[in-house]
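Got some structures for you, see below.
Here come two complexes built around chain A, the first alongside chain B, the second alongside chain C.
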Partner chain A sequence: MEAGGDRQGIGVDDWVASHEHRLAERAGFAGLARKIDDRVPAWARLTLFAAFAASLPLWMGRGDLFAYGIFTLIYILLGLGLNVVVGYAGLLDLGYVALFGFGAYFYALLSSEQYGIHWPSAISIPVVVASTALLGLILGIPSRRLLGDYLAIVTLFFGQAFVVFVNAANPTVAGVGLTGGPNGIADIDPNDIFGYELISRTQQYYFILVVVLLVLTGLHFLSESRTGRAWRALREDPLAAEAMSMPVNRLKLKAFAFGAGIAGLAGCIFAAVLTAVTSGNFGLPILITIYAVVILGGIGSLTGVVIGAIVINVSFQFLAPENPQQNARVLFYLVIVLLLAFGVRPWWRLGVVLGGVAALGFAAHAVAGAISSSWTAGPVVEGGRLAGVISDWVIIPAGHERFANAAYITLVVLILTLTRVHGWWRTGLLVPTLYLTAVVWETSFVEQPAVARWILFGALLVFLMTVRPQGLLGTPRVEIV
Partner chain B sequence: MSFPLAFNAELFIQLLVSGITLGSLYGLIALGYSMVYGILKLLNFAHGDVYMIGAFVGYGTLQLLGGPLSPNIAIAPLIVLMFLAAMLASGLLGVVIERFAYRPLRDAPRIAPLISALGVSFFLQNSALLLFGAQFRSYDSFVLGSKNPEFFEPGPLTDPLFVVKNVNIQLVQVIVVATTASLMVALTLLVAKARIGKAMRATSYDREAAAMMGIDTDRVIATTFFIGSLLAGAAGVMFGLLFSQVFHFMGFLAGLKGFTAAVVGGIGSIPGAMLGGLLVGLAESFAAGYLGGRWSDLTVFGILIFVLLVRPTGLLGTRAIQKV
Partner chain C sequence: MTTEEKTTPLFEFKGVTKAFGGLTVVDRLDFQVNEGEIVSLIGPNGAGKTTAFNLATGLYRPDSGEILFEGQNVVGLPPHRITQLGIARTFQTLRLFLNMTVKENVMAAAYGHTSSTVIEAIFRLPRARREEREIAQLAEEKLAFFGQRLAGYRHGQQAYNLSYANRRRLEIARAMATNPKLLLLDEPAAGMNPNETLELTELIGRLRTDGGYTVLVIEHDMHVVEGISDRVIALDHGVKIAEGSFEQVATNELVIEAYLGLQGAA
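Moving on, here comes the complex of A and B:
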């Protein structure tokens, strides 16, 4: 699949090989995306995004604006902060969510009835951002001594310790539990602009949009600055950077503080928009989501973070339990067909696969129905436009927990096998895999969309790392030995 | 030593015993981390979830053989079978994870396998949630082998084997510690004497040089994953027998603590993992007993961060020299 492994054969010049590799890198859908990303100047991309984002409230309902608009913006903000630490400086910070949580809780303490403090945003946000940055700095101190993996584990522990602290420890300060324990803190004031409270969703949306645009612009200049370039040098090779007399430790701390500051800002907004914070909001799932955002778009790329956040949040909201599931179903089949269209070449092979899947489905359904009618008696969850086709095509047995579990495990095994075979074997195996994917979707994922999305995110991380670790728009990194 | 109020020997011994049992469990998990880290320099975040899957396989075996209330076979072979099934399944799972999530990333930047490991961990956790549901599954180990299980009469596993100062030391605790000790001895012998152990040491010392000497490093790494995960599976069943309840999220915290144990003892060192496990187990147990349960996890994290800052190589580890 990737030419990376054996590109440098005997007698091939290093430069020529890397040039050819770069050319090969430009092929296909991802190559096209990168080409566009390179050609369009940054200000044009920003304007395009701003114009699109600004038009959102005009054609979107209020609930959708909250779920799709505001949350995407918060994910963008979180992704941008993580991008500074992981993308620019190459430090694996797994405690990032705790900084986000700290920001949210601190803002909540400064603007709720918990202690009866109601500071205006103009004061509380800068205070929260500064103290989160300071906390990030402190968290970053171990990074002076610890190499990659140890840093990851210390930060992961910090993240976990934060959740335990907030949830279980809940120390009593001035007669009140500081963090509210499992109940969290409720009734948080909305953000305000010099006294003008942002209550409606549209106002909040535009406020966050402005913040995001400002942060994006700032980070663009930062990444081109002396510090930004130094961070990238640090990421590529800390030893070489040190040998070039770069202040490695100071750079690391700066990256931590910067990322933390943005996380704190996101925390303020998050707390104000949700009007309540609980420890459940700052656990492992959100960490995975933010990592997925940053990695999908491409580590180190601002456009990548924006695209990643949009893709992740939209699919996330589609899979939200309260959402009508037929939306998720349509999206799911659409994504699979699109993936096939981009991934299976030549076109007639695609035809064979799709035809095979359809035929296999009807045949399997007919056979299962002939053996026992209860095998196909299960209802299609939530109906919708596709329900008619699905009930004739996918085997959904009546009481199907065992069947669903077996199908899920078989599917995982099939997908893993699929990565090991090539040529016609792969095409042939693709047919039952795709059918089984549909079966698993209809029997277990549709019923537990919240679990399904986490499974898909976890698999996405592994898949991206093994196939395209640089993400959509990131630059591939070459490990020099 | 000063303890709050009067020194309570009974409580102290109780905490000591539970700390040692818990510690041997963490030691087993720590070994998997330690071995994999030693050989690949990879933090296998998914290790805790392999442990969780091991616990579920043990549960599944128990159910398959009739369940705790009316097992089809005698209790001793039943427990042995549970251990074997869980260890085998976990070991294979470890090999599969290595093959598909880590091996393609052998030469990638250091950050890639870590993120991949995070993804695997999350995938396993939620797959377990999908397959087994969110509810706790109970081994009901205390009625195992009991004559009147329907009246919840305790079975032989909770029999006091010794009584020290009014504290009962139960059979299950002895089983856990003894199994751990024998696994540990077997592993030490394997690494020290067997051919594959020698290959493992060579690979962890210098993978490229080992490959040049004709060692099939991929096979060695797969074996390492198999053995490490197998130990985690055993730990999973032990947890089930000790605390009865298994659930999909149990791997995360246990994995963190196992990793703490590996780091405290010195990563890459087998006796270190055991020592670290005992220290973490005792710390958790005593913190829960004297400070209150809500502080026990924070104490463990505090120990890790302290050790990392003061002595990053751990108690028994050797300082690695960074080569340029």
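Moving on, here comes the complex of A and C:
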């Protein structure tokens, strides 16, 4: 049966079929990261993460522990829940944040002076998780026949309806506004372990860490079970899944409810840690952030969610308004250099581009300074050694208000042109484009941290999606071959 | 011939009609498949063969008529229930779970005859662990059916890495993992080279002898049809125009006319 010619036939066929795959596997650092991800067993990864996370309070200040530690853990939890719905079952649920909000508000109602109820966490958390899962199920019932975009629209509506309800409707129940309207609910009890209240940040941090580790472990087992496989199968091809004995509608509801339950759990922790909830916490920005966590890490990967949450939250906190503007600048140039390092091959071409940009900068600065000193007299935003270099490198004019606008428009034109040219033209054009990017950044954005923060965040995502469309640890997804 | 014995057939279409708008795709179709048989469904493009499969597996609901499996009418049951009863199919257009591994594709299809719950899976309770072992073993068994083609190192590959012929094999392995009694194969030889087609012919024979499955197959390749069929059913415009041994059907005037047009008869 196994003739020699036969075997050769298979080989050639396979070589063609797996060509793309091998190309994807080879790709640089990310490819290496993926290989490591494949080789290191799940328990080792979990142990590594647990050990690192557990050491955090030992070397981090209390304020940082709150901003970096606790918030990263909450993002991980939220990402894990969304990953079940979007990553495993492939249901584009944009109402996810409403479930998180429902969990937080419900916990607040059960643990504050709003109605004078103070249930212990051992009772309130399970009740909230179960109710949120039920709400997810109810939301899923009308949605289960909707696919893709339609599901997204319906769930987005639900998400917005929740915010409006909490903020504006605020129905009066037992003489008190149920949700506290725009003021929200304040003075929420901390979580407790059988009566022992977790008041210090360190205690809270360890409590959440244990919860996250448990959820991670459970989800790992679940994803390798019949239900996990069925979810992924229905994401790939619902019709084939149905024909292969999987009850697709019921599985969708299960995914909705399960993801919602985790969102509810995250809500309980969030409300307790913040000690107050308002509708503003559950709007579109957080929805986008959670999606960014899941997409950046690689949809469907648990390790990916953890890494995505760390990257997103750390860069977010790093850029927080109370931190020096220097941070934004460092990150900005770091992203550009990384983008080049990943995007420009081979290495000597990268060297040409970097050297060219540096040379162009100093030359342009010298020429501009020679024409008129006002062209280089603009103030440089403070920030250590980097600011010193920039004041000699980037043209920052004093006066000349139109300059920044003209530079901005030229930059847009250059970037658009860049997408239309190839080869040496692209490399050559890259040099002025990069320099102009630096000019626009230094003249327009660095002084507006709020704007700069979102622009950088966007740039970071664009960077990652360009380098790894499937996310850091995601499997390259193939639709039709 | 064994078909003359008057026993309940394993699978039966009784006056099944299905129309899409004004177009009747399957018209009062009657046929039977007995246990242990390999039956081929042939006919020109648009004859209603794949529609018959879609009706049998519950993807479409017939306008009238009955579809009996082991004497039970399966009309109106959802597809996953029908599969659980013991009818599994492959798809002409190949609908694998492309971004899952080869082994996972097969393991996923064991959903219908396993029963551990989400809670049992999360806490790795004994039943979940036992079922996982059984499913993995089942998948390896089914993949082993294809010899070297889907062996060993391929288990961990993503399904999209497979060649076209191997995807067809994986579709069959996946259908087998639902533990069916009746296998419906929709053009299993499409896109295969002559060598692979020959191998497939032998494989379909083994599906009956080693696997114990009854097989109903749609096929255009007449060498395959000749090689495997106990009985051949020819359709044209949704109507059964001939039934019998390969020789009987191949020499039937209506069949020749359906394939070659009217000139031959005139």
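FYI, the second predicted complex is superposed on the first by the 386 of 481 C-alpha atoms of A that agree within 3 Å, B and C clash if a C-alpha of one lies under 4 Å from a C-alpha of the other, contacts with A are read in each partner's own complex, and residues count from 1 in each chain.
Quick note on the criterion: a contact is a pair of C-beta atoms (placed from the backbone, for glycine too) under 8 Å apart; a residue touches a chain by one contact, two chains touch by 3 or more.
All values reported here derive from a predicted model rather than from experimental measurement.
Of the two partner chains placed by the overlay, chain B and chain C both lie in contact with A:L239.
In the superposition on chain A, A:G458 contacts chain B only, with no contact to chain C. Once chain A of one complex is fitted onto chain A of the other, the partner contacts of A:F157 are limited to chain B, with no touch recorded for chain C. In the superposition on chain A, contact is made by A:G218 with chain C only, not with chain B. Legend: residue contacts after superposition of the two complexes on their common chain; A:T227 is shown touching chain C, with no touch to chain B. Residues 239, 477, 479, 481 of chain A are contacted both by chain B in one complex and by chain C in the other. The residues of chain C lying in touch with chain A in their complex are 57, 59, 78-80, 83-84, 88-89, 91, 95-100, 104-105, 107-114, 116-118, 121-124, 128, 131-132, 135, 147-149, 157-158, 160-166, 174-175, 177-178, 193, 195-196, 199, 202. Considering their complex, residues 86, 90, 92, 94, 142, 145-150, 152-154, 156-158, 160-161, 164-165, 168-169, 239, 284-285, 288, 291, 295, 405, 408-409, 412, 416, 419, 444, 448, 451-452, 454-455, 457-462, 465-466, 469, 477, 479, 481 of chain A touch chain B.
Within the complex, the chain B residues that touch chain A are 37, 41-43, 96, 100-101, 104-105, 107-116, 118-127, 129-131, 252-253, 256, 259-260, 263, 294-295, 297-298, 301, 304-305, 308-309, 312, 322, 324. Listing the residues of chain A that touch chain C in their complex gives 1-3, 5-6, 9-10, 13-14, 16-18, 21, 218-219, 221-222, 224-230, 232-233, 236-237, 239-248, 254, 258, 475, 477-479, 481.
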